[in-house]
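Both complexes shown next keep subunit A, but they swap its partner, so subunit B is in the first and subunit C is in the second.
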Partner chain A sequence: MNLKFQNKRISGILTVLPSKEMAFEDNIHNYNFLPQQSLKLKKVMGYDKHRVFEDNVCTSDVCVYGLEYLFDKNLLKKDDIDALLLLTQSPDYLMPPTSSVIQGRLGLKQDMLCMDIMQGCASFEVGLITAFSLLEQDAIKKVVLLNADILSKKVSKRDRNSYPLIGDAASVTIIEKEPDGQAIYANIKMDGTNCNALMIPAGGLRMPSTAETAVLAEDENGNFRALDHLVMKGDAVFNFVQTEVPPMIESLMAFAGFDIELVDYFMFHQPNKFMLQKLADKMKVPREKMPCNIVENFGNASGVTVPTAITFNLGEQLIDNSYMMCLAGFGVGLTWSSILMRVGNLDFCKMIDYL
Partner chain B sequence: MNRIKEILYNIRPEEDFAVSDNFIEDGMLDSFDIVMLVTELDEAYSISIEGTDIVPENFRNIETIYNLLKKNGAVI
Partner chain C sequence: MNEFYEKLAEILEVDEVHDDDIITDFDQWDSLSALSVIAMFDSDYGITISAEELVNHKTVGALNSFLNNNLK
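Right, the complex of A and B next:
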C-alpha cells in the first residue's frame, strides 16, 4: 500500500537508553557452543555491546523519563501534546493501555488521544504513518510518538540466536504540521500468514504463562529457551527481509519519482550487521549510507533501532542540516514498511541514558 | 574447489567435508556457519553473494557452493 502525506515534519527525536551495558563475552559461556565459534559470529553479525534495563524498569518508566527530560529542558510543552502514540510489544499491563498510564503519570490534559499499538521491528514507520494520518485533523497539531521495547526480559540468556543481539531502548519523536513541508512518501505491507516467524508463544490468553511454560528446552540448534521466551525463525526472517525489502524500496522510489542515488541516508531497522550489509549490496547502495552500528553498540531494540540510528549517527548535525532519508522497518507481524522524507532542522536530536 | 574446502575447514575444523554430500542434512553446517561461510567466500572471491541466494540448498556440498560462487560472479 502506497501512502502520501503533505505538510508534516519531524521536529525532534530523543533516544533513551539503559545505562547498563553488557558485553557479548559476558554471556558467551551461557551458550551451548564453543567460545571460539561464538566469537567468529560476533564479528560477522556485529555483536559486541548491548544495553538492557534493570529488571524493575518498565516501558512507562522509560517513556515518562524521556518526556520529563523534554519538559525540563523546555523542548516540549505538556499542553501542546494532542496525541500520544505508544508502539511497544512490552506494555506495563495487558490493560489499561500503557499510553494512558503515561498520560496519567505526567498529568497531561484530558482533551487528547492516547493509543497503544503493538508493533515490533517496523514500529517507527507504523508510528510515523499513524501520526501523519492523525495530523490531517484540525484538532491535532502535535503528536508525540513513543517507541519503546524492553524485550531483554523475554529472551532466554541461553539462546545464542537472540540474546546477544537484544537491546532495550525507547525513543520520543515529535511530529507536527509544517505548512511548507515537502511531500512524504510511504509504503507498508503485512503478511500474517507468517506471524509465527517471530513470536513469544506464552503469556497471552492463547497460552497463559505457567510453571510449564517457563521450563527451558533445547532446540535443534543447541539453544535453550522456554515458551515464555521470544523465538525467532532466523532463516525465515532473513529470507523474508532479503526477498521483500529491496523491491519495497524500489517501489517506494518509483512511487515518489525519486532517484535512489539522491537519498542521503538509509536508516533501516538493524537486526544484525550481516543482514543490513547484504541489503545495501543488493540495493546497490554504498554501505556508508546505511549505518549498521546500532546492534554492536546498543543491541536491537526492535523498532527503536531506527530513531537510535538517527540520533547516534547524526545527532546534533540535524539541528542545522537536513537530509533526504529512507527509513525502513521489517520483522514482527510480518510487517515491512518504508518512508521517504526529508529529516532535519530539528529542535533537538539526542540520546540520553536512563538513570 | 580446494579454496572452498579450505574455507569450510577453517569454519568447522572438526568436520570431514570429504565424506558428505549434504553438509546441511548431516549436521555439519548450521545457519550461523552459513553466515560465516558467506562472509569468508565474499572476502576470498571479492564478491557479495546475494541475500536471496543464502538458502541451505546452495550450501549442500562443494558443487552447490561452487555453482553459487559462479552465479554471483566469482572468478574461480
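Right, the complex of A and C next:
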C-alpha cells in the first residue's frame, strides 16, 4: 500500500540506551556449542557487544526517563504533546496501555490521545505513518512517538540463535506540522500467514504462562528455550528480507519518482550485520550509505534500531544539515514498510544512557 | 570441482565435497553453515531455499541437481 503525506517533519530524536553492556564472550559458556563454533558465529554475523536493561526496568521507566530528560533540557514542553504513541512488544501490563501509564506518571494533560501499538522490527515506520496521519487533524500539532522494547527478558540465555544479538532500547521522536515541508512517501505490507516466524508462544491468552511453559527444551540446532521465550525462524526471516525488501524499496522510489542514487542514507532496521550487508549488496546500495553498526555496538532492539542508527551515526550533524533518508523496517508480523523523507535541521538528535 | 562445489567446500571448511556426501554429516554443519548456504543460493544464484529444503536434499549431489533445476 502506497501512502503520501504533506507538510510534516521530524523535529527531534532521542535514543535511551541501557548502561549495562555485555560482550558476546560473556555468554559463550551458556551455549551448547564449542567456543570456536560460537566465535565463528560472532565473526560471520558481526556480533560483539550488546546492551540490556537490569531485570527491574520496564518500558514505561525508560520512556519516562527519556521524556523527563527532554522536559529538563527545555527541548519539549509537557502541554505541547497532543498525542503519545507507544510502539512496543514489551508493555508493562496486558492492560492498561503503557502509554496511559506514562501519561499518568508524567502528569501530562488530559486533552490528548494515548495509544499503544504492537509492532516490532517495523515499529519506527508504522509509528511515523500513524503520527503523520494524526497530524492531519487541526487539534493535533505535536506527536511524541515512543519506540521501546525490552525483549532481553524474553530471550533464553541459552539460545545462541537470538541471545547474542538481542538488545534493549527506547527512543523518543517528535513529529510536527511543517507548512513548507516536502512530500513524504511511504509504503507498507503485511503477511500474517507467516506470523509464527518471530513469536513468543506463551504468555498471552492462547497459551498462558505456567510452570510447563517455563521449561527449557533443546531444538534441532542445539539451542535451549522455553515456550515463554522468543523464537525466531532464522532461515525464513532471512529469505523473507532478501525477497521482499529490495522490491519494496524499488516500488517506493517509483512511487516517489525519486532516483535511488540520490538517497543520502538508508537507515534500515538492523537484524544483524550479515543480513544487512547482503541486503545492501542485493540492492546495489553502497555499504557506506547503509550503516550496519548498531547490532555490534548495542544489539538489536527491534524497531528502535532505526532511530539508534540515526542518532549514533549522524547525531549532531542533523542539527545543521538535512539528508534524504530511506527508512525501512521488516520483521515481526510479518510487516515490512519503508519511508522516503528529508530528515534534518532537528532541534535535538542524541543518545543518552539510562542511569 | 565446479564453482558451486567450491563454495560449498569453503562454507563447510573442507578441501572438496563429493556428490554422495551427506550434508548434515560434515563436522562444520550447524545452523550458521545452513544460513551461509541459504545466503549463497540467494546472492549468487537468485534462488530461495529454506533450511528444511536444504536438509531434505540430504546429499551434495541432490543439492547440485536442485540448483541446476532452478537456475533461470
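Just so it is clear, the second predicted complex is superposed on the first by the 355 of 355 C-alpha atoms of A that agree within 3 Å, B and C clash if a C-alpha of one lies under 4 Å from a C-alpha of the other, contacts with A are read in each partner's own complex, and residues count from 1 in each chain.
Note that in this section a residue touches a chain if its C-beta (ideal position, glycine included) is under 8 Å from a C-beta of that chain, and two chains touch if they have at least 3 such contacts.
These numbers come from a predicted model, not from an experiment.
> Classify the contacts of A:A236 with the two partner chains as first (subunit B alone), second (subunit C alone), both, or neither.
second
> Check the residue A:F274 against both partner chains and state whether it touches subunit B (first), subunit C (second), both, or neither.
both
> After lining up the shared chain so the two structures overlap, which partner does A:A183 touch, if you call subunit B first and subunit C second: first, second, both or neither?
After superposing on A, A:A183 lies clear of both subunit B and subunit C.
> Across the two complexes, what residues of subunit A are contacted by subunit B and by subunit C?
37, 40-41, 44-45, 221, 234-235, 238-239, 242-243, 274, 278, 281-282
> So in the complex, which bits of subunit A are touching subunit C?
Touching subunit C: residues 33, 37, 40-41, 44-45, 161, 221-223, 234-236, 238-239, 242-243, 274, 278, 281-282 of subunit A.
> Using the touch definition from the top, list the residues of subunit C that touch subunit A in their complex.
Within the complex, subunit C contacts subunit A at residues 30-32, 34-36, 38-39, 42-43, 48-52.
> Hey, which residues of subunit B end up touching subunit A in the complex?
Residues of subunit B touching subunit A: 11, 30-32, 35-36, 38-39, 48, 50-52, 54-56.
> Residues of subunit A touching subunit B in their complex?
Residues 37, 40-41, 44-45, 160, 221, 234-235, 238-239, 241-243, 274-275, 277-279, 281-282.
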